[in-house]
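Reviewing the structure listed below.
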Amino acid sequence: MNRHTKEIIIKYVFFTFSLVSIVVLGLIVFSLFREGLPIFGKVSVKDFLLGMEWYPTYDPPSFGIFPLIIGSLIVTIMATSIAVPLGVMAAIYISEIAPQGIKEILKSVIELLAGLPSVVLGFFGMVVVAPWLQDTFDLPTGLNIINASMILAIMAIPTISSISEDALYAVPREFKEASYALGATKFETITRVIIPSALSGISTAVMLGMARAIGETMVVLMVAGGAAAIPEGLFDSVRPMPASIAAEMGEAPFRSAHYQALFAIGIVLFFLTLAFNLIADYVSHKFRQIGSGTL
Amino acid sequence: MENIMKSFKNNSMQWRYFKQSIFFGAVRLSAFIIALALGGILFYIIVNGIGAISWDFITKPPTDSMTKGGIMPAILGTIYLTIGAIAVGLPLGIVSAIYLTEYARQGKVIRLIKVGINCLAGVPSVVFGLFGLGFFVIFLKFGSSILSGSLTLGFLILPTIIGASEEALKSVPQTFREASLSLGVSKWQTIYRIVLPNALPGILTGSILGIGRAAGETAPIMFTAAAYFTAKLPGSIFDEVMALPYHIYVLATAGTNIEATRPIQFGTVLVLVAVVLSIDLIAIIIRSYMRKNKRW
Amino acid sequence: MDSDIIIKLNKVNFYYGQSRALTDITMNFRKNKVSALIGPSGCGKSTLLRLLNRMNDLIDGTRVEGEILFEEKNIYAQNVDPVEIRRKIGMVFQKPNPFPKTIYNNISYGPKLTGIGVEDMDTLVEQSLKRAVLWDEVKDILNKSAMNLSGGQQQRLCIARALAMKPDILLMDEPTSALDPISTAKIEELIEELKKNYTIIIVTHNMQQAARISDETAFFYLGNLVEYNKTEKIFTNPDVKHTEDYITGRFG
């Protein structure tokens, strides 16, 4: 075989391999649909998504995941509202203010935080945060929305902070200099020039942080409490979608309606996070060009 | 710009610096809270876990319905699954990245592949678990096994590895490629002999971070590989294994006596954290070493 | 056809995407001569040089029209492998770009990988380094990294690396523009020496350099070949007024 042919073969083999991500995405959809779609022969899509009752093991069972969706949304929103200010402000500190040494340390801190396994954080929420919440607020259980949101926030912070930091770092130096040249203080430069220029990157960070939180499993499985009902307060327990899947898959008989319903929850989760990611991708591409016009 | 100018003039210098110091205080506090969270968690785990650690704890299997004894099978299982994930994710990821950076011409197909990679990176780990269950365990009939778990974890870390490899490949100066090609060396040889060796430290750094993540994941292996308890060690890749993260979950939520096994739980958490963070630390050290010794 | 012509360009146009970088270039390069390409920056000198060993293939969205004949064969014909062309036409770049390998391995890299059947690598390395007048300086540190050499030494190493492939033609793109005057003088001497055995085509920014080392000089402007003549003639009595203006520094 001559070298030229060999080169061409290598190129096409590599091309084929590069499609692996798309193929895996396809296989994910295939597997979820194959195992999950049959449930819609038993309940309608509307009853599934909007049904108020998740009693998969009752007779007759009831497969309404609305409380689970609400559970997911509520912990995600709560976690994001804790993680965004902390994460973005830490990113500002790291990229604009911190001295070199502290900057390196903080970057490593965030990297290590990102590296903490979720089961460890869940465990921490169970054995530390839950008893504390229970005692302090005199609750029947410390496994609730507040606890899950706090722990999820810790998980989302590294994503939000590191992507925001990249965005802040990418703001052209001329912008900053132009602002200082006009006599702006560092604070004014940061809030009126740097943050607006980095806004699309920061939005992407927030989207991806939310996607991370909504898909996180072990934390909500271990500390959200597991009640499949619409919560009435922030100290109530919830059962977010990933928690349901992880908790029940082990008990659901193979290819039973329950099993199929859990896969169908996976479908919902998959497309929900897919939407988040596509929006993040769109935002980051659409608004990547930071022109002087934004000043 | 003009508006900014105007507002400067309307504010006294003192007021402007006051606002600045409030703001600086707030961002410093945020960074501090984050550092404290990490420090606090690590400290708490070490203090509570260190007592449980002993040679026997690490080298002996659990006994008495997992209320006594060690965690050796779980450590071993985690090692197997992690190596399996590397074997799947690393070659696929590096090859994908090579195609994307070295061969592909910018266009629709490449854009599609890149969006695909981003989307894959965003798929929740529990969905990977379902995928592993639906595809490897059931469809391909691998059963709940090291093989199924490794494949699932390997695909989970694939986007991380692709991203890290792409970045490392792009950082190799174009002049190296030109020099090699201008000698009449073929493209593949140029990649293999010049580009890859120079990109390797970067590829490894990023990939190791992904591998650390794989070692600590629970949800993807719950339905694809992890056993609640196995008396015997795995004999082949078609066997189930225990794994550290799942073992923690089991002990903390479903053990026979949750309170009594707290020390074992803390010990296991400490071992897992030590494993995962040492993997991350290796990556961080390679990277800082690389930065110092960069020659171009 | 003139037997001492080694490269022949026939109505060559070159495009980066939509924008044309070279217009209707027709010219011949002679064997064992030094030909210099001069002109203001951005006029297409590098583009032309990189056309001759198909290095422009590496840039997405480029297009060539016309013919470029190397030893009477069109190097842009369908069945031609650019890799083969590059073995016979070596290149030295503006900035020295040794590989982060040892000095020895920098030289042996090309011959080893292209399998041109070297009987004795040590001899080839020595020969190449001697031709590039670098041997005496590096013979005791062949196993040290090439990155430790000075800029001038690195550039001579790059020349030696190209020579190890025993090319017919050596393309040089402003090889001294990143070097100090002493290193520059050394490389100019080297070029003088090399032209006995090689055809050299050199892009230079420096008119004195073109006058000192070349036999023939081509003046380019905005992608057009304005004048191509014996160097002596170009610098004393050019045919085209435009050339004279440029040589005498009447415009950039």
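Every chain is named by a letter (A, B and C) in the order it is written, and numbering of its residues begins at 1.
Rule of thumb we're sticking to: a residue touches a chain if its C-beta (ideal position, glycine included) is under 8 Å from a C-beta of that chain, and two chains touch if they have at least 3 such contacts.
What you are looking at is a predicted structure, and each value in this text was computed from that prediction instead of being measured.
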Key: Interface with the most contact pairs, given as the two chains involved   = A-B
Chain closest to the middle, measuring from C-alpha centroids that were averaged per chain = B
Query = Which one of the chains is farthest from chain A, going by Cα centres?
reply = C
Ask   = Which integer distance in Å separates the CA centroid of chain A from that of chain B?
value = 16
Note = Rounded to the nearest Å, the gap between Cα centres of chain B and chain C is 48
Remark   = Rounded to the nearest Å, the gap between Cα centres of chain A and chain C is 54
Inquiry  = Where in chain A do residues touch two or more of the other chains?
reply    = 3
Ask   = Which positions in chain B touch two or more other chains at once?
value = 186-187
Ask   = What positions in chain C touch 2 or more of the other chains?
value = 83
Message = Can you tell me which positions in chain A touch chain B when the two form their complex?
response = 3, 6-7, 10-11, 14-15, 17-22, 24-25, 27-28, 30-32, 34-35, 85-87, 89-90, 92-94, 97-98, 105-106, 108-113, 115-124, 126-128, 154, 157, 161, 178-179, 182-188, 190-192, 208, 211, 214-218, 221-222, 242, 245-246, 249-250, 262-263, 266, 269-270, 273-274, 276-278, 280-281, 295
Inquiry  = Give the list of chain B residues in touch with chain C in this complex.
reply    = 105-106, 173, 175-187, 189, 193-194, 198, 295-296
Query = Along chain B, where are the residues that touch chain A in the complex?
reply = 1, 4-5, 8, 16-17, 19-20, 23-24, 26-31, 33-35, 37-38, 41, 44-45, 92, 95-96, 98-100, 103-104, 112-113, 115-131, 133-135, 138-139, 155, 158-159, 162, 186-188, 209, 212-213, 215-219, 222-223, 245-246, 248-249, 252-253, 262, 265, 269, 272-273, 276-277, 279-281, 284
Ask   = What does chain C use to touch chain B in their complex?
value = 53, 55, 58, 60-61, 83-88, 90-91, 93, 95, 97-100, 109-110, 113-114, 145, 147, 158, 161-162, 165
